[in-house]
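You will see subunit A twice below: alongside subunit B first, and alongside subunit C after that.
Presenting the complex of A and B:
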């Protein structure tokens, strides 16, 4: 049964920020609401005492996808379907485009937003590894402040972020990556659609002849939160892309994931799968780059 | 709160509460019971309706969020007493068994054919991936959608 609550539809950013500054407690911001609405209906503890929803779909400052020299900026109320229709995203951010197409189902993608996917910092959020690999920044506003921080810093702990009680994520800003970076995204779920991910990996590499110039590695679902592997990236940079080294790198990634996530009942299965998938991703990118 | 929609082509006004879901409004206020509630969490797709031409799970949308929009339910797909070609093909190809998933399947398929009149098998599978059917095994449903695409093309 749905608990009773009120809903507001602010028509501009100032009204939205004003509403959140007035209520702060017991309020949730929604766009698609594909997480919050069933949560409320199931009387989930996460949404206990909810008194007010603020729907941001009619806030123009939080809509649209804009492009300039340095970045692509995606509004917090932009749905996955809208992102999939954007040709610049498809061309410049192919991993984001690919991962957007694997989110939920058509019905979910028509409502759910990219910001909504990471703003509660669930470990299984599919778009997070990809956004981390792209060095994504999050634009955050309150009535009296505006700041931009790296998504990597925004996501502080499982189900926790750096978002203040009177703040909203307004836009997602992604630096346009160098055309030398090639990459891929992998997702494993139990069903073709609407499946909670078991493993997600994102990988970007630029090669200089046979040498790794730059590499960015990120995971989701297998780690307590989506994360980058900066140590491993440093270890790999400057190395030659020889089969022996790619195998070693895959082995090391598996070891690091176990270090972060701890041994679990599923590790016996997931560890070799992660290592093999990562190795296959590396080989695929190598084939396409050389 | 007072809301306005177009439902299956008719302008309607209704007074409801902010916490009422679109599926409940359709079924309880308008008797449009072709829209089914299966899981209530967006996994089964039985509650699929079109909102401004796009397929959505009506269990995941609040009625208030659909204000000013155009809604099409399964009752709006047939033209009066005449079934649409999609509906006819579902019958001809045995794509209906218990029928609980059928309204959602038909609406997901109609969004697909609207956006991509000439879909590949993969595009059909992707379009109905959010709709569960526990009877048919999907093969007949996919055939029905393919056949409809063919018919619409030759028209």
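Presenting the complex of A and C:
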């Protein structure tokens, strides 16, 4: 059941930061509300004592998608629908664009934000593996401070992040990837739309004459939170793209997932399938690169 | 009337369509009354427990509380049921499943009332929980309702011919076991009802999301100990039902009515999705054992069937649901020797009752999978074996009924389905290209090199089919008749009403078409009245795909009564010869000899001035059927419909995903009244069939449901099925309006088997357990979390 609470609609960032600094406890930021509202309704412990919601939709500093030489900067209040409509995202960050299109339904995408997806930090958050693969940085502000950290460091545990009580994510900064990086994103759900992901994988590779120059591998829903596989990446760099190696790499991903997540009720299905999907992704990139 | 129709068979837009898409239509929760109270339900987190006491003292003085409604407030029957009175309105002695309600709080604010629930102290003794229906009949099993002395709800035997002789004459014998799952109706509108007290002389009025207003009236009158006339039930616009707003809504209505009478205030009950899924009944899971003997030429000689249905905690409709199963369990095949036993048993699981399909989707999955398997063993094509055994005119069904008085179009729907999909060619080609899904070994979760799938091999195409016959309407379940009311006004406009209920299926539009065809008036002249048990004659429940055949028959009969009165008047007034023929069309009246005589409104005005009664109640009663309980023999239904669906699928052999490329649905529903409505039935039914086949399952942990909302209970979206193609074969039929029969349920009963057979065609692997979800395809089993907890809620 929905508890009673207040809701604020700050008109600028300063007002928003002021509000959060005053209340600190029992405050939640709301943009689309696609996690917060069901959480309140279902009396999730995370939202149970909510007394104040701060709606960031009218904060201009948290809107818009801007581009400069190095990065694409996405406001924390940008929805997935807005991201899908952005041609630069489509061109420069094709994996993000693809994953944005797999989130929920049109109605959910019209409300849900990219920032909300990782601030909520559900294990199945569709966009997280992609953002990790793009080495995304998170811009965080409080009334007295401003910092930028890697998303990889920001995410700490399922439904937990390094966000301070008086802090807000204001922007998402994604370094423009080298044009040599080629990649793909795959989401497996129980149906084709409005599906909670069972497995997500993001993969970016740059090849140098059939040799792996750089590789970035990230997963979601098969590990406690979305994560990068740095060891695996190191193992693969400098290797030749040959079928036998791609199989070996896929098996190693399976092994790493067991190490991180252990065996769970779903492992019997997910483990073989994640190796197969990863192998398919690798083969797809190999095919397109040749 | 000749075979030429002016409106019947055309594509007519629903008469309530505009109101529904623009939001003008009022659903139950849209009704609000002065002084109306809200209600919340008290439950405990137990599937089986004896209640020792309920202590309300902590909340009694709370100002949010207006009244506590308990079993003690019920003046009449404290237990109710469709067939057996085993379900308490309030479970003050015992809970037998987690949805059970102990008491109800009413007050001004639903939100405030909810806060009080945790303060009520319930003292109870937990009892052993029985969740496996296969253990229900074991000697030492706990009895769910000890007063009945057994957990057996019902046993339907059927004996035809000599089963042992049949097996002895067979060249081969095949035995298989199939299971089907518990599923939820998934109506988009959760339950809602308002009870309004009308004072001691008038009783109580209910407005609600009610599938069967007359059944609800019977329940509520029984609970309140009032005559039927003092309970008036009006149907609000219904946001879906699919058989699901029957018992549940009767019980909710009774709770609201008890509270309204006690408080003398209007009382509303409305459920959240979670409460809806928790408490409402579902479709029966079945365990089906089939043993079939057949000759080398494919002829089935003998079929022995043993079916166990999980009825859950209450009887509900189980005896009737399983009765349809016993009649139809062999499928549409003529088999000389049949031996069937269908049993339903009690458990502490969510209770099961009526759902669109009603005892047919389960055996069809089994028997149509089985027919394909026999065909494969004999190296026959799927359509061939069905032609060898399929019912034809004059065939005897498993119940010994000879099929007559209608075109038995089973082979025809099969031929049309195969022809329009190029079935044989695709089936042969896929069979050649098939590659098996990888068999994973759970003991070594890391793949070996040979298990990796070449990208070119990833997606496999398959095509499969399934056929069915289905008895129309209630059959030997009970009395089968319906009434309609038409009142023609002196300006030529018309009121129409029927005792069967609009459940979203488009029944009002169908009836308007029938009335407008008979009276030769355009549909804009017809106003369809809402169903109100105080005004409309009782026509039994709107179930069993009987809306068109029974209610449609009643509307046609009523319109014809009035038409005859007008013809008699016209012949006298216009001095027409006895042999002359009067016809009505486009709001005009013609004589064959004299041509145009008058406009329809002029005739109505004339009739009115002559004192002729232009209101009538018409009636349609089904021909009689009969049934022998001991032998399972008899004319079970007065007529049947036939269908064939072809599923074309793509299977991802790495992930186990099934994509539905196309479903071709060929049905003989008799005469089609509204082509648009009929197509709508096919689109909806096929989609539900796909959900049943590959996605949907309500799973439980010690009786507790895991999937309490649509985030985890996955029904198909518009993206999950690429194309649905409806084709109608309008077979001749003696009964129903112009031979119109049934379509609603046949459309959803074939999908699971057709898909499973298509997957076999793609990957060469057979499936025995619905749904064919990701894990089933790859691992041939279901995987379940250890409990009902969810990470997002921790």
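FYI, the second predicted complex is superposed on the first by the 289 of 290 C-alpha atoms of A that agree within 3 Å, B and C clash if a C-alpha of one lies under 4 Å from a C-alpha of the other, contacts with A are read in each partner's own complex, and residues count from 1 in each chain.
One rule holds for everything that comes next: a contact is a pair of C-beta atoms (placed from the backbone, for glycine too) under 8 Å apart; a residue touches a chain by one contact, two chains touch by 3 or more.
All of these numbers come straight from a predicted model, not from anything done at the bench.
A.B. asks: Based on the shared subunit A superposition, would you classify subunit B and subunit C as clashing or fitting together?
C.D. replies: Subunit B/subunit C on subunit A - steric clash.
A.B. asks: Name the contact category of A:271: first (subunit B only), second (subunit C only), both, or neither.
C.D. replies: second
A.B. asks: For A:60, using the defined touch cut-off, is the partner it touches subunit B, subunit C, both, or neither? Pick first, second, both or neither.
C.D. replies: Touch partners of A:60: none, neither subunit B nor subunit C.
A.B. asks: So in the superposed three-chain picture, is A:42 touching just subunit B, just subunit C, both, or none of them (first/second/both/neither)?
C.D. replies: After superposition on chain A, A:42 lies in contact with both partners, subunit B and subunit C.
A.B. asks: When the two structures are overlaid on chain A, which partner does A:123 contact: first (subunit B), second (subunit C), both, or neither?
C.D. replies: Second partner only.
A.B. asks: Of the partners subunit B and subunit C, which touch A:108 in the superposed model: first, second, both, neither?
C.D. replies: first
A.B. asks: In this superposed model, does subunit C or subunit B come into contact with more residues of subunit A?
C.D. replies: Comparing touch counts on subunit A for subunit B and subunit C gives C.
A.B. asks: Between subunit B and subunit C, whom does A:164 touch in the aligned arrangement: first, second, both, or neither?
C.D. replies: Neither partner.
A.B. asks: Look at A:194 in the shared chain and tell me whether it touches subunit B only, subunit C only, both, or neither; answer first, second, both or neither.
C.D. replies: both
A.B. asks: Mind sorting out which residues of subunit A both subunit B and subunit C touch, each in its own complex?
C.D. replies: The overlap between the subunit B and subunit C interfaces on subunit A comprises residues 2, 4, 38, 42, 105, 192-194.
A.B. asks: Which residues of subunit A touch subunit C once you look at their complex with the stated criterion?
C.D. replies: Of all residues in subunit A, those touching subunit C are 1-2, 4, 35, 38-39, 42-45, 105, 122-123, 158-159, 188, 190-196, 198, 244, 247, 250-251, 254-255, 258, 263, 265-269, 271-273, 275-277, 279-280, 283-284, 287.
A.B. asks: Where on subunit C is subunit A touching in the complex?
C.D. replies: Against subunit A, the touching part of subunit C is residues 111, 114-115, 438, 440, 442, 445-447, 449, 451-453, 455, 458, 654-657, 659, 695, 710-712, 714, 716-720, 773-775, 778-779, 783-786, 791-794.
A.B. asks: So in the complex, which bits of subunit B are touching subunit A?
C.D. replies: 17-21, 40-43, 45, 48, 51, 54-57, 59-62, 64-65, 67, 108, 111-112, 125-127, 129-131
A.B. asks: Can you tell me which positions in subunit A touch subunit B when the two form their complex?
C.D. replies: Against subunit B, subunit A makes touches at 2-7, 9, 32-34, 37-38, 40-42, 53, 55, 57, 81, 104-108, 110-111, 192-194.
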